[in-house]
Amino acid sequence: MSSVFGHSFRVSTFGESHGAGVGVVIDGLPGNLIIDLAIVQEWLDRRRPGQSPITSPRTEADSVECLSGLENGRTLGSPLTLFVRNTNVKPDDYSDVNKVFRPGHADFTTLQKYGIAAQSGGGRASARETIGRVAAGAVAWQMIRRRHKDFEIVGWVRSVKDIALDQNLESSLDLVATTALVEKSVVRCPDINTSKKMEEAIINAKNLGDSLGGTIRCVIRGVPTGLGEPVFDKLEADLAKAIMSLPATKGFEIGSGFAGTKMTGSEHNDALIRKDQKIGTLTNNSGGIVGGISNGEFIMFNVAFKPVSTIFMTQNTLDKNGNETKFKPERGRHDPCVLPRAVPMVEAMAALVIADHVLRQRAGTPFIEL
Amino acid sequence: MSSVFGHSFRVSTFGESHGAGVGVVIDGLPGNLIIDLAIVQEWLDRRRPGQSPITSPRTEADSVECLSGLENGRTLGSPLTLFVRNTNVKPDDYSDVNKVFRPGHADFTTLQKYGIAAQSGGGRASARETIGRVAAGAVAWQMIRRRHKDFEIVGWVRSVKDIALDQNLESSLDLVATTALVEKSVVRCPDINTSKKMEEAIINAKNLGDSLGGTIRCVIRGVPTGLGEPVFDKLEADLAKAIMSLPATKGFEIGSGFAGTKMTGSEHNDALIRKDQKIGTLTNNSGGIVGGISNGEFIMFNVAFKPVSTIFMTQNTLDKNGNETKFKPERGRHDPCVLPRAVPMVEAMAALVIADHVLRQRAGTPFIEL
Amino acid sequence: MSSVFGHSFRVSTFGESHGAGVGVVIDGLPGNLIIDLAIVQEWLDRRRPGQSPITSPRTEADSVECLSGLENGRTLGSPLTLFVRNTNVKPDDYSDVNKVFRPGHADFTTLQKYGIAAQSGGGRASARETIGRVAAGAVAWQMIRRRHKDFEIVGWVRSVKDIALDQNLESSLDLVATTALVEKSVVRCPDINTSKKMEEAIINAKNLGDSLGGTIRCVIRGVPTGLGEPVFDKLEADLAKAIMSLPATKGFEIGSGFAGTKMTGSEHNDALIRKDQKIGTLTNNSGGIVGGISNGEFIMFNVAFKPVSTIFMTQNTLDKNGNETKFKPERGRHDPCVLPRAVPMVEAMAALVIADHVLRQRAGTPFIEL
Amino acid sequence: MSSVFGHSFRVSTFGESHGAGVGVVIDGLPGNLIIDLAIVQEWLDRRRPGQSPITSPRTEADSVECLSGLENGRTLGSPLTLFVRNTNVKPDDYSDVNKVFRPGHADFTTLQKYGIAAQSGGGRASARETIGRVAAGAVAWQMIRRRHKDFEIVGWVRSVKDIALDQNLESSLDLVATTALVEKSVVRCPDINTSKKMEEAIINAKNLGDSLGGTIRCVIRGVPTGLGEPVFDKLEADLAKAIMSLPATKGFEIGSGFAGTKMTGSEHNDALIRKDQKIGTLTNNSGGIVGGISNGEFIMFNVAFKPVSTIFMTQNTLDKNGNETKFKPERGRHDPCVLPRAVPMVEAMAALVIADHVLRQRAGTPFIEL
């Protein structure tokens, strides 16, 4: 059982890179909720290959079709199914690939697990699998906003290789304005100068046939207090799982993160203070979650992405008979840096986690308060 | 629903810091398996408070009792329940605490979520909750080793504040020897000199009433290939969730982690090579998991722990009526640095994840191979 | 994974017939809810052996202890653990049993499944396992009533062998009065004359060393509309599973049940009518659930229990080496008819299902209505 | 969360009666397994409307399309998605329906639950939802047979109203031959004379605009020992849930069922005997499951179906404003008796349960035996 996520807001993704298409079934949506498919399409367009010179040239319109769950734009309470047909499938592109275990790819481990591997493309291990996640994330986002008007998620590329955006945008941040800046940048970095440098680095890597990694920062605002569970299903634990389930991720940190390990307790503790009519904290080292439960401050986390495994350089590897060989892909369509397209994936996974905990908290709210 | 973890090897922990005790129900163990409760007790002893001058002086023997599931040392296939009675409960220690929201603690968020909070101790938010996890981890570890003889887990403190162990122990590592070195150190750092420095730093912080954070590295050897699922339940995603569900964790990274984002693809890709009769990789930037599935190399991850929230210094905060106040705990038993006792917690959570995926993979193995 | 039930109100039972004791962990209770352990004890007393001349003479007080989750009688939102120690364990009683596969018992199937079986008593296959269910049911019942004041469950013995109570008590029923009548009867049949006949039949069977089966009817009132899911988790499907998971059950029918198959659609359809300010139905062939979802009418179902497998007569069977043998238990404590003690078990399982769907429906209620 | 079934073999159905189509995602299939879509189509053809004069005249080819999970007829270990487009959608047929709550239908309860109801057809409450179940059942059946060669399921109509097939076919049964007889009968009753009488009764009811109910018997052969869990997930409990989740079901009984309640223990207990090299039982009152676990004998259960709710007669009901009204559907396509088409639905649900427990038992098998 590989492709189900969530407890009360439950998504099942399906589809292979080079099969009929990819999609998602979302189970748990309340009834009579307006869901705008145009917003889903916008999210998919941000994830889409071919959107800029630095992304994969695979030309897929990625047009979403709703197979169930909506009538006249409203949810029926039944599973909502979204499907995107594959149109630009080129099985031949992968004929050389099938003979070897590509370094960094899941070829070897998939074969070990299943005794079979898709003959073209990465099957489920393709980034194309994330279409179902992004589509579901766009639905989750709409559901949450229907109930929590101030809810916003914005992610951006914070570093590519060693080119990093140093400013801490999030505390003073106008998230709506930031989103606009992010979307203006082909790299999805809201600072124009840094974006420029990142773009150049990516193009250089591409010209060499090499690839780059980097980090994404994601900020979530308007999360109500009380989301998350105190033990295993801590909100940060579910976010960590969601994010680390994205292809190519190598690390997750929340609030002060790894840097926070160098602080003392007296520096790290966030003092509680009054903010208007609410209770908040002076600093936000916790990253908006304390004891696994949201405290109403913004949630902030960073994600590490490794450099893309597909490179157009000769590498040592083994063929499927276990013999040493050299491998250099001749054809195929890949991104030299996954970060720009990964931003909506990160946002989508965050939305799925928050949506699930919004529904869970409705179930668990003390009776008196409901 | 707060305290259930795992799909096929499922644990339910229960118990509050200052109630009757804490424990765990483990459901999913195969029958007729030898489980040694003495090993469980050893793991608990490593987690126990009062084990050294730098840990909390709370004196709890933490003796484990088996309430169900074993007969003559063998599993019956039924739920195995382990229970540890609280003996050194001092509710009065917390009378001052109940009036304020302690900075860094879950007091505010718990009250927001449940409309009530345990009047003494941290309730479920106490580190005492991890007893059930460690006990279950020691059972999981035994189960896995019964099937995979080379399976080993060893964690150690890699840094306290800015005192870090630089060597990469894991590649050349004799894990059994390392475990011995780790256990000789009160800090659980296998290098004597570094351990000494860490110990001094912790004692200094303690004398100031302050606290420190740090990082733990964990290495898992002898994991068979094929564990983990390719999409949401990637092995690293489940590890991330498991680890980030531990109290005070702020970050998780696997393999090359955040440092890997600064590498190029040509540097990062692990070349496949033959190792004896098996297929392995030349480097291990992937950290033993590719595409969510174990490749047979050792799994390696780092965990960030924030400095402990309980400090014996005056802090600004709000009382439970929302008024500004100062807070300085007068009494109470806490660790100035959680890292040494966190090592078995990290190992236990890793064992729970691997045990779950061992059982899941048995269910999913291609029919032909079974 | 054998012993977890429910999606949002989740119970994990544990414990063997002849181990330390039996219990249950309940996860998902909202916080700040008053739970009265005296009510839990009352339910257990109704399930307890030795309560009358027609039940097993095993003398167990079955005193419930709360191990976690409550403070000053209020839920903390954390797992609530209830435990009953076994006191009257007589392992020797079962020495003869261990040599054979007892007809009608799970000895053979347990060994096939687990490769081991508890050496004394039935292990998890003992009716003693139901203590955890009944205790959890008494908690669930209290939780539901806190929110739905009119909620009531009453079960009674409707037939023992061919002695049946013909009246349809439920439509005109004063459930509180019925409960009193039920509890006055050692058989738990609310009609004095029928009860008398049933009692005699049971005593006759007991004297012969034989056993009897029968049916229980259960009625649930005050269930709000909208509980249950339209597809797999239909309310009647979850009730069927819950009930058919009780030992010795052989059948479940709801509303018109098997008799309803002989009606025509025009006879069977329940006409919708106004009842005070609400919408109800004229007849109740549906048994209070339409399309898997409660309609506000009373829920009514029947359960078939086979005659108890333990009889004190000589039977043909196989020993554990597979050789033919005769078996007649010499000692042991068993009920000649399980029905009287099964009434609280049936009520408890019904309460667990309703509690789960109450919480699920809170999560899923349309946003506008909440 | 309404439409997910199973623990290790997990199906998610989706789609409404009058939307784009209906389908299912199956997660948990092992890799490298041959699945023949022609067999899936055969199962769907047996469920299809319009297959005989006594079924609904809705003309749907119900051609199955595979959207994911198969490559060259082999499973990839990834989710297998099957989809059937709706082609004969006539929304106008239901315009009169939208004004009233139809007796026996889920109109009222759906609206209570979701605050909205599909404007045409029954939405998820339509029998069309079962297409996903039947398709998944046909996949489950193939998976099981790949591992357990003797595995067979056959269901038949045992009664329509009071016309019943008395013979106990199952003990002496050649299931393959029976299947052929069943499929020769438009009613799916293997006895020609009884089938004829049933057919006449159904046609009479149809001519009156009325409808009939009845019972289905289902027999499963070749189930290995050891399937099922001893407590909540007893094999009969999961079967009961699966079956009672089908539309129009009112009862489930296994083995001796309700009739067994009139037997004594000495009559009911199945003596263990040797059968060739295996251990079996002389009689089969248990219905192939003891203590929740399969014993290797055939599994036998009966299902009660109420008469179809849609009748073409004038009925009293309420309109959606709560006012009394008369209702007589003018148009629409419905079966006067659901039993013939329900046979493959029952078989499919049985296959889903067995498939799930086959995978679960692989996970849980004692280590020594694997």
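By letter and in written order, the chains are A, B, C and D; residue numbering begins at 1 in each of them.
Everything that follows uses one rule, which is that contacts are C-beta pairs under 8 Å (C-beta built on N, C-alpha and C of every residue); 3 or more make two chains touch, one makes a residue touch a chain.
Note that the structure is a prediction, hence the values are computed from the model and not measured.
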(request) Could you compare the number of C-beta pairs in contact for B-C with that for B-D and name the larger? (result) B-C
(request) Please indicate which chain is farthest from subunit C, where distance is taken between mean Cα coordinates of the chains. (result) A
(request) Report, in whole Å, the distance between the mean C-alpha point of subunit C and the mean C-alpha point of subunit D. (result) 26
(request) Provide the C-alpha centroid distance between subunit B and subunit C, rounded to the nearest whole angstrom. (result) 39
(message) How many angstrom lie between the centres of subunit B and subunit D, each centre taken as the mean Cα position?
(response) 46
(message) Residues of subunit D that contact two or more other chains, please.
(response) 1-4, 8, 13, 28, 30-32, 77-78, 110, 113-116, 123-124, 230, 360, 364, 366, 368
(message) Please output the residues of subunit C touching subunit B within their complex, sorted ascending.
(response) 1-4, 8-10, 12-16, 19-23, 25, 27-28, 30-32, 65-69, 71-72, 74-81, 83, 110, 113-119, 123-124
(message) Please output the residues of subunit A touching subunit C within their complex, sorted ascending.
(response) 8, 28, 30-33, 77-78, 146-147, 230, 359-360, 362-368, 370
(message) If we count contacts the way the header does, which residues on subunit B are in touch with subunit A in the complex?
(response) 1-5, 7, 13, 101, 103-106, 108-110, 112-116, 123-125, 129, 159, 161-162, 205, 210-215, 225-226, 228-234, 236-245, 247, 249-258, 260-274, 279, 281-282, 285-287, 289-296, 302, 304-311, 313, 315-318, 322, 324, 360-361, 364, 366, 368-369
